[in-house]
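Each of the two complexes below includes chain A, the first together with chain B, the second together with chain C.
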Partner chain A sequence: MQSGKKNQNSEATGWLMAFPATAIIGLFIIVPFLLGFYFAFTNQRFISPNPTEYVGTSNFHQLLDLGVLTLEPERDTATQEIKKDAAGALTYPTVRSLTRNNPDMPYFNGMREWFSWHSGDNIKVVVARDVVFMKAIVNTFIFVLVVAPLQGGIALLLALMINQKLPGINFFRTIYFMPVVVSIVVVSLLWRFIYSGDNGLLNALLGFFTFGAFKPVDWLGNPATALPSIIAMSIWQAVGFHMVIWLSGLQTIPVSLYEASDIEGATSWQKFRFVTWPGLRNTAILVLVVITMQAFTLFSQVAVMTQGGPVDSTQTIVFQAVQRGYAKQDIATGSAISVILFALVITISLIQRYLTRESNT
Partner chain B sequence: MSTPTTSLKPSAWRYVPLVLVALIFVFPLEFMIMSSLKPSEQLLADSNSFRAFLPVGDISLNNYVAAFARAPVALFLFNSVFITATTVALALFFCSVAAFSFVFLQWRGRDTIMTVLLTTLVIPIEIIAVPLLLLVNQLPWVGLHGFSTGWLNSYQVQIIPFSADALTVYLFVQYFKDLPKELIEAARIEGASWWQIYYKVIMPLAGPVTATAAILKFLAMYNQFLWPLMVTQAEEYRPVMVGLQYFFQLNIAWGEVMAYLTLITVPVLIFYLLLQRAFIASIASTGIKG
Partner chain C sequence: MKKLIFGGMMMASLMASTVAYAATDLTMWYHGAGNDVEKKIVMGLIEDFNKSQADFAVKLEQFPQAAYNDSVTAAAVAGKLPDILDVDGPVMPSWAWAGYMAPLTVDPAAYAKFLPGPIGKYNGKVYSVGLWDAAVALVGRKSVLEANGIRIPTVDKPWTGEEFDAALLKIQASGKFEYPFDLGMAWKGEWYPYAFSPFLQSFGGDIVNRDGYKTADGTLNGAEAVKFGKWWQSLFTRKLVPGTSQSPADRDTGLASGKYALSWNGNWAALGMVDKFKDDVVFMPAPDFGKGPKIGAASWQFGVSAASKHQDGANKFIQFALQDKYLTQFSDGIGLIPPTPESAAASNNYKAGGPMEVFFGLSKAQATLRPVYPGYPVAAKVFEKALSDLANGSEVQATLDAAADEITKDIEKNKNYTK
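For the complex of A and B:
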């Protein structure tokens, strides 16, 4: 029971004590977060002689508009017969002829080809207003969808290895965790050298272990291998972090359960399947959510290793946000990208939580 | 847990996978340190063989000398240490005192404010970086040279926005919640003020959580890249991670790059190896949520 005077005292002191943290988080996290939503609907630039104007959803249209064009084979204007070129192949109008100053299709004006496929004699072309951003979204999703299960799985495997009762096991735990404390920027640079096409360490090692049968690959210079290379390196750097989280989950499982299953004559796999895994459900949700959140913000690796290339194969959402918002000083588009990213992160983590909950029942 | 085997050393084979995995984690870092001691030409030639991992050939500290000549390395190191240390100290104070207030004091709006602050855990810096850049460019500052507007190219732009964060508040709140309330009651009856209780009763008990929060904040700050990259066009205020750019002009001198990487990484690694239990415990404690 406190007296009235003490309560008054606690009211003022309570406020005062919470004030610095509240003010800082409010001003530097909450305010910019809300400003981002506001800027996303304006034409705000970093420095501009013109006043900022409300532009509605046009930034989002610029980034996200998609369309499908059907290219029909060109026909002879007189006979309506399908024309063929000298080699006997069908000829098609260019995408550009349909999307540049075409009064019949104002929506498609300025759009560019993203990808296409053949459908009978026709070609279907998916066009986007911002092809680079589309690629950034797809790459980010690939990164998240590969890294989340792979990194989570490898981390669990390492945690199970480290959870053995062996003399000196802590030494290995220390080693596996080591890359986590190293900056991702340092790691990226180091691996840029390891991945290098001509003098790269990885090529040399692969060549050695295959007795020279392996042909050197320019890992970061090839659109097919650049993103997988970044994925592998990112897992190498961060897997120890999640190993430790799994490990703390493993250590909450009562030893008595293992003893009981030993008495029942359970195999190692059965022990994992029926004792370890059910005991790790909460940890699994946490690991997946944390990896997904981190994976969505992929930036440093790309900035240091590839700058989004080759041919946009490593563009990511955050890299694009920085390119527009910072390099091109287009705060509005950068903010719109941030809003899209936030929407994705929140949606995915809600879906993930829902799915992991569901499998619980 | 024991597996019956007939071999003479029953547990020796269990180390084989452990060692193989350890090599994967060690070799890149070992390669970095070894390469920092070799001239660039030898470094490139060695990377075709296992010599890459060995201190062989023309070993010297020349790369380190050259790195210091190429860029103001000492300045970058100072900046990083200064920014990191100041931010960690401020964050520990601001967040622990706020958590203390949230857990032990009664005041109007407390629960709402705490909930809002902790919700910002889901907002990574990458999402707010662009609008924050515009915001800090318009903030006023009173410094040694008087009044000015715009925080770009300064220490405060790298320190103040990070001097409180939801994770640190959260860690302290969780820890304080488990402390016995009787401690507070007893001190109140003796007439201690809230501030006295904070620094004489509670903080002396908060060693473990303070270590955890300090380590996590230290790693986040020292290794930060995106934000300092955006706000430090001027060399004067650049931290080590942004300073890397100096080594990528025209022909990359890989020996110097490796020396610089070693220089900025090895102190952290030593720090980690000395305090590895605390480091690992700090990550584990972020995992014990549900």
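For the complex of A and C:
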């Protein structure tokens, strides 16, 4: 009895001690998370005298609705023959004429062309209700697919290089880790100068090394180079962080294994393939999952460097969530985007976990 | 412990009783934190008001401009709005609609002689009045224009669209400048709708259909708007203006350093040009693209919060602030346009023969308010994106269609912004 009461007491003390952290996490993480789900199904606005109303899934329809239009070549009304213009090319009705104020296709009203391809004489056009958001999803996936392997790989390479006992190795560790410590906003601002089209450092360097043959490129102002520029800078910025994780993994591998393989006469590659890599298995999973999650939430670089432009070439999911929810005051749509992102990230994390599971067989 | 609480209560009651005998405190929020000159003028104005009567005592709280609107929104949600608010002209309808602001009860005679820009009217009621206005002009150099044989336009006879285009091409052909004209694409944000939507209006389009504010279809994507869009895009494709990746430094110094021949810039930057080029500088009116030359109007203004318990006092303060001498002080201190002829005549820069006199005339002749409806902050963002996309080569009709649809959808979503 006595001891039971004592136990209860200590449990209460435990809860009391956990209270500050629990309350803060609850207030700033769990409550906003749940509110996000709630707002996604309402018409909540940032500033509004109107009461919040339940609107069902309409926010998701606005964001995700897709459709395929088939454009047939225009025919002569009398002869039904396919018309050709002066150059002999087929002529097609515009997507606009079908999707604007067209009572025959109410579903397509207000949709815009996302991309299209030729199929025989016809053109198939994929139209989306929210083309900008579609582009944001595609850009985010490109970013993740490029950044995850490259950043992980380069970080491993750096970790292997600085895991040697050489004089002054700490100097290099510091150098590689430095960008991680600097605020991403500051780094983005600096890289904006580096990428600057007229007198940026990158253009100057490339011009110098090619003896002036290189024509300056407006890296962030050109739709073709803007996203790759942000990718390159993002990899550089966070690579040091993952290098440290790899390094901690490397240092858990017992030296005796390397000594044994030396005695067996293993080459460097064999040592990496059969000792280092299996030993890094859990680290690899961690690095992969962390990079993927971080890459999906790409925001600061875009907000500072390009604002989603030029012509939507650097729109991302999180940037759109902030843009809609905050700048355009549409909290409901911003929340719906966050819910979509949550679903995406959790699905991909589960797939990753499944693919990298311990095989017991 | 008990003694301490008791002591505290004594102190509190003591303080409460002293307040009862003194003037009622009014809090005032202002967006200009960080600007010493501005602060000095505002403090002077407040001191004068507090001395002029015994009922109210205004207290100033300053915010940096970038955080100001967010602070007001947060305060409104928390029920902690001040008595006197400072509001950016085009944002006012949004706040009035949301119930943050109360209509002014200031005697209309106090602002009867004002330029139209500084008077914030929404739904037939005046909610805010500004102590100044701002204006935009084509800034250039007489010597450059004369060397290229270009007529210098006046308020009575501005350039036509074709004349303007021809002038830019002539300057480009001279080969002396990196770009003939600078729109200020580096200034993201409100600059785009403020500075560029008047071009669209001069073409005959608009951000939103102002007749009832129910749709943007036909005004932002109609034939006139498409004509504007094509002209706008051609400025970039013909390399007549720097694009969206222009660096802010170039924007600030490009004209002075001879990179650009002409610049589309506000009166706040005019003094620097006068210092640099002396008599050579010329401030010219906006070109007329068909529906008359137009420039944006309305800057920061004062209003009364709906949550204030002392709206009479807040109105009294605003009425007091509208005296000519304060209008002149703000103009002399920070270069803004004084809104009455008297205050302009008394100011250093806008008096007859003053270096920036022309801006007063421009503001009077060309000023056009940005759309006056609560959805404006959203429309402004949509418009900004559309103009950036057009500058970077996106298809004109599709871009304007998308922008018009987004603005219309926002209006529908908010039940036409009627309460």
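The rule is short, and it goes like this: the second predicted complex is superposed on the first by the 351 of 361 C-alpha atoms of A that agree within 3 Å, B and C clash if a C-alpha of one lies under 4 Å from a C-alpha of the other, contacts with A are read in each partner's own complex, and residues count from 1 in each chain.
By definition in this document, a residue touches a chain if its C-beta (ideal position, glycine included) is under 8 Å from a C-beta of that chain, and two chains touch if they have at least 3 such contacts.
Since the structure is predicted, the reported quantities are computational estimates derived from the model, not experimental observations.
In the superposition on chain A, A:F46 makes contact with both chain B and chain C. In the overlay built on the shared chain, the residue A:I29 is in contact with chain B alone; chain C does not reach it. Look at A:L350: by the touch rule set out above, it reaches neither chain B nor chain C. When the shared chain is aligned, chain C comes close enough to touch A:R100, but chain B does not. Touch criterion met: A:G110 reaches chain C, while chain B stays clear of it.
With both complexes superposed, B is the one of chain B and chain C in contact with more chain A residues. When both complexes are overlaid on chain A, the residue A:I82 reaches neither chain B nor chain C.
With both structures placed on the common chain, the touch criterion links A:V311 to chain C but leaves chain B unconnected.
Across the superposed pair, chain B and chain C both touch chain A at residues 46.
On the chain C side of its complex with chain A, the touching residues are 73, 76, 94-95, 97-99, 188, 243-245, 247, 250, 377-378, 381-382, 385, 388-389, 392-394, 397-398, 401-402, 405, 409-410, 413-415, 419. Put simply, chain A touches chain C in their complex at residues 43, 45-50, 96, 100, 110, 112-113, 131-132, 196-198, 218, 220-221, 223, 307-312, 323, 327-330.
Against chain A, in their complex, chain B makes its touches with residues 1, 11, 14-15, 17-18, 21-22, 24-26, 28-29, 31-32, 35, 44-45, 47-49, 52, 94-95, 97-98, 100-102, 105-108, 110, 113-114, 116-117, 120, 122-124, 126-135, 137, 160-166, 169, 188, 193-195, 198, 219, 222-223, 225-226, 229-230, 241, 244, 254, 257, 261, 264-265, 268-269, 271-273, 276, 279-280, 283-290.
Put simply, chain A touches chain B in their complex at residues 2, 6-7, 9-15, 17-18, 20-22, 24-25, 28-33, 35-36, 39, 44, 46, 158, 161, 164-166, 169, 172-187, 189-191, 193-194, 199-201, 204, 208, 236, 240-241, 244-245, 247-249, 258, 282-283, 285-286, 293, 297, 299-300, 303-304, 318, 321-322, 325-326, 331, 334-335, 337-338, 341-342, 345-346, 349.
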